[in-house]
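Presented below are the structures under discussion, each in the form of structure tokens.
Shared between the two complexes below is chain A, which has chain B as its partner in the first and chain C in the second.
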Partner chain A sequence: MAYVATRGGARAIEQAERLYREELGTIDAGRVQGLRDALPWLIDRVMGEASLYDADLAALALAQSGGDLYEAVLLLRAWRTTQPRLAIAAPVLQEDLFTHRRISAAFKDIPGGQILGPTLDYAHRLLATDVLGGADFVPVPVEPAPCAAPSQQPSLAAWQKTMGLVADPPRVDVAGDDIPDVTRQPLLFPAARAHSLQSLARADTGGVLALGYAAMRGYGNAHPTVNELRLAEAEVMVRHPSGVSFSAGRVKVSQAEVTSKGKSGQLELGFCATFGWNEVKVIAGATLDLNAPGAEKGSAVEEEFVLYHTEPVESSGFCIHFKLPHYVTFQSALDAMRGAAVTELAKDEVTV
Partner chain B sequence: MSPPYSTLANLTRPWAAFSYGFLDPSAKREMRRKMIKAIAVPGCQMPYASREVPIARGWGTGGLQVTLTLIKPASVVKVIDQGADDSVNAASIRRFLARVSGAAETWDTLAATIVQSRHRIPEERLRDDQVLVLQVPNPEPLRPVQPNMSIARQMHADADYGRLWLVLYEQMVRSGRIMQGAAYPALVNGRHVMTPSPIPRWDVPKLNMARHLTLLSAGREKRLYAVPPFTKVEPLVFSDVPYKVEDHASLTCYRSGLRGVFMNEIPQAAGGSLHEASDSHLGIKAIRRAEGEAVEIGPLWYRDGEFRG
Partner chain C sequence: MFDRGTGEDPSTFLTVLARAEPGRIKAMAERVLPELGAVEVLASRTGLVMLPLRDTVKGVDFFLGEVLVAEARIAAAGTEGYGMVTGRDLEQAMAMAVLDAARSLGLPGVAEFVRDEAAVQAASDDARLRRVEATRVDMETF
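On to the complex of A and B.
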């Protein structure tokens, strides 16, 4: 039977959902914990796109969706939006971050040093097939450096500012409640700076990469140099009603700053940060941010184009909505087409 | 005995996993404000935050947020997709609405206090105590001529609709008639051009000077707009080219015998097509009545294939 014309749609959808869930089997706390432990980078990516920092919830969403990332992000977003905003954290300053990894491609060495931290960048990507044969893959222990790098590092841009290489706009302190919040307000253009950065932070990794890569290949105006890439943990400082400031915990964050020579004779910066460690996203996002000012309306690097089209929940939802029946609109179009054909025929008869 | 002083416990309601009607009060407050604004400026698109809801974007999240804001335990909701109550997504939305609100479900247009619909307006005339909520995929009638939303917004502010007229004119020149199928652009209250959502041309006159309130909401695009009762809705036409609805007036539903309603075309393996009433519950009521049941069918917008209002 046709899937719409069937009577009893309620039963059909119920059973279809059961079929899907049956494949996934029982979800217990152990499975959620296992996913959380085994897939930290995936958890980070999902937490970033959901803009909800909770590894347990992210792992639960992955378990519930069987790893369908768009489903997982929707689950988390739909849960997140029902939660009250309890407090606004203090701004996170770069120099206060507990930095695990911080590199710059712009200089051979930078104040504070290049800190590789955890990375597969220089690993040979060999599949450890022996594991399937029963031989465990046991990571070789890390040998600690004789002298640990300081956990807090200055930003390279701070040095560049003192050298007059980049503009140093004065910092404007905005009261927490007055910071535009894209989860509570529509995204309109020209966008508030906060809305742009928030949208990039929760953008789809794949979408940001696709558009960022297009910009890098030449559809943008600016070629990025990675000024600084940083993986860190940030202390979330909130104020208790009694007036005491305290840390509500730490969150993993990644941020990238890319630069290119601007028309002003100074370096221009593009910036992107997100929850969790996700290097591809922040480099591509910062590249898009770098290219956005002055971009032609409707071009693939213009802010409105980029931000509307990299929203993971909106873009994936609209894509799959085409599965819904459209036979009324189709019938309406067909009517116009047949009407035009009749008109055409009548015209021909007149000329003959 | 309650304590003589206020405590957090006696000032608040018991904890619940979700708010009544799923949306939290701050989301509902924003919706109410934007809906009132939309009613105050008919046809004008009001941007709103558009929260994520537990169905995918593009699947009726805009309509759902409006209905969730309007719904109360005494509501009776009807949800249709392409005119059908038992269409899978309509069934899913109706079930969700009932689950989070305790409202009653119905298939009968006459019984509903809220009708949420995708792509159709029921054939029975809506009353002034009913609200129609239309799901909107693309709220911007200017999209075909201006995909950039911020520029389109400016064009609405300037009532700059010349390029829309031009598109219709070009269709006349190329095809001998206006080729716009569903989602026919219409001027609301003599000021804003809106897309009535992808309803067929057959349904657009039902919005003009109607007794009921229509709220149109695009969740993914974060825009809502309204046609208040007794508001002019005029499809864009040239003075010498009358507006044409789909040529369905003379078709007969092979299941119910209904005539003069919008039809679904059902292709037949042997060639040719049969037609069935797109308003599926009207069809069911007509069949029941023919079988001798005392079924109430309300007055229809169309009589003998002619729009009467």
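On to the complex of A and C.
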């Protein structure tokens, strides 16, 4: 690839940016707050892909980018680099999650029961066009149960392990400082599982869905059934200087396990989790995790293929860089074409 | 982990403070501040906390991402106070640090404040979980 320095576009560039921002209008705190309140699922998606949890910043990024998700994620990833790393929280365990939704498509009678939580899974998808005519859409209020649901729900995978339905590999405790981190280390293959799951957690939702869907349609090794899907809040457990552990607050998380019958006679599980509530991403991501072992090189479910092609900033950045001037490389290609044509013509003349 | 009790043990005390309603904790800190005398701010900043999560399949800890937090640390009246809250509200973190210092000095009103906040948080969780419980599937009629 070749680049060449040019000049003469400074005014056009400045005015182009002004035109973009002029069309978005004034961004004030009210607009940001309005986006945050009205679009929680989009805010969640942006926080997950940015790998930065703060709803206000995600709403601001959306306001500033006019809703261009890749621009919003880029803004947040760039802003994140201005912040120091203060601490590493204690690992979040599934059984400690403050659970709002927890279902299984594989087992009807799971310990703790099936809790649908907030979902449109069984709702009619009707556009409320009356709103445009001036009639407000007022949601019907929930009728709370007399007793509260347990805040924590047991782990289905843990139950399956005790029943011998899935493998229970011995785990090794790793100190927080020693957890592999793709923001500080290169992603190498075969990837450490911690790198792989972290990459999926911050991956592009659309990219993960496209590849996960390919696996579901048969371009993978295993067909998934949702073993467990959970939407929850996790406590961010940090340490006071005195050594006392406490929660600095809660963050929304999603996690999914998908399962398939393995060759060993046990069930195999795939796993994915992310910041925010994003069911499509974690189900598709868990499907990719399930399909990765033994995947053919270059296939849609092979780890390297998946992780390299679902990184939102790298993939969108590489895509849009093609619209930037490539005059030298393109001119070189044209010269080669013309040269080939001349050579071909000369051969024809000799033949005649 | 979610039963806040009365907020009397140090971990619960700090957890309740971190989740306290920002307006109320700031107002409480303003009331306590004169009792502390001269306050030296040792740290007041935003930053990131890495959040690991344990994979349920192989038990591997991995980073889910980074959480933006505000952190404050103060020295006053021969003790220190510390606050860390999710988000970027430095005043909220400072208010937590003030109340943390006030607690170690045994200043009046702090324990009551935390007890009241714990009750508010427990009520909020209960209200949410009763709404969640309403979505439980009765398999007999599934």
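Keep in mind that, in the parts below, the second predicted complex is superposed on the first by the 331 of 352 C-alpha atoms of A that agree within 3 Å, B and C clash if a C-alpha of one lies under 4 Å from a C-alpha of the other, contacts with A are read in each partner's own complex, and residues count from 1 in each chain.
As a convention for this text, a contact is a pair of C-beta atoms (placed from the backbone, for glycine too) under 8 Å apart; a residue touches a chain by one contact, two chains touch by 3 or more.
On a predicted model such as this, the values are computed, not experimentally measured, just so you know.
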First (chain B), second (chain C), both or neither touched by A:Leu165: neither
Partner chain(s) touched by A:Leu93 [first = chain B, second = chain C, both, neither]: second
Chain B versus chain C as contact partner of A:Ala210, first or second or both or neither: neither
Chain B versus chain C as contact partner of A:Arg80, first or second or both or neither: both
Most chain A residues touched (candidates chain B, chain C): C
Partner chain(s) touched by A:Glu257 [first = chain B, second = chain C, both, neither]: second
Those residues of chain A which chain B touches in one complex and chain C touches in the other: 80, 83-84, 183
Residues of chain A touching chain C in the complex: 47-48, 50-54, 56-57, 80, 83-94, 96, 98-101, 108-109, 113-119, 142-152, 155, 157-158, 166, 169, 171, 174, 176, 179-183, 193-198, 201-202, 234-236, 238, 240-242, 244-251, 253, 255, 257, 269-271, 273-275, 289
Touching residues (chain side chain A, partner chain B) in the complex: 3-10, 12-13, 74-75, 77-78, 80-84, 183-190, 297-298, 304, 308, 313-314, 316-321, 324-329, 331-340, 343-344, 347
Contact footprint of chain A on chain C as seen in their complex: 1-2, 10-15, 18-19, 45-69, 71, 73, 80, 82, 84-88, 100, 125-137, 139, 142
For the chain B and chain A complex, residues of the former touching the latter: 18-19, 22-24, 26-27, 30, 47-54, 56-59, 61, 81-84, 86-92, 95, 118-120, 137, 147-151, 153, 175-183, 198-202, 220, 222-223, 244, 246-248, 262-265, 278
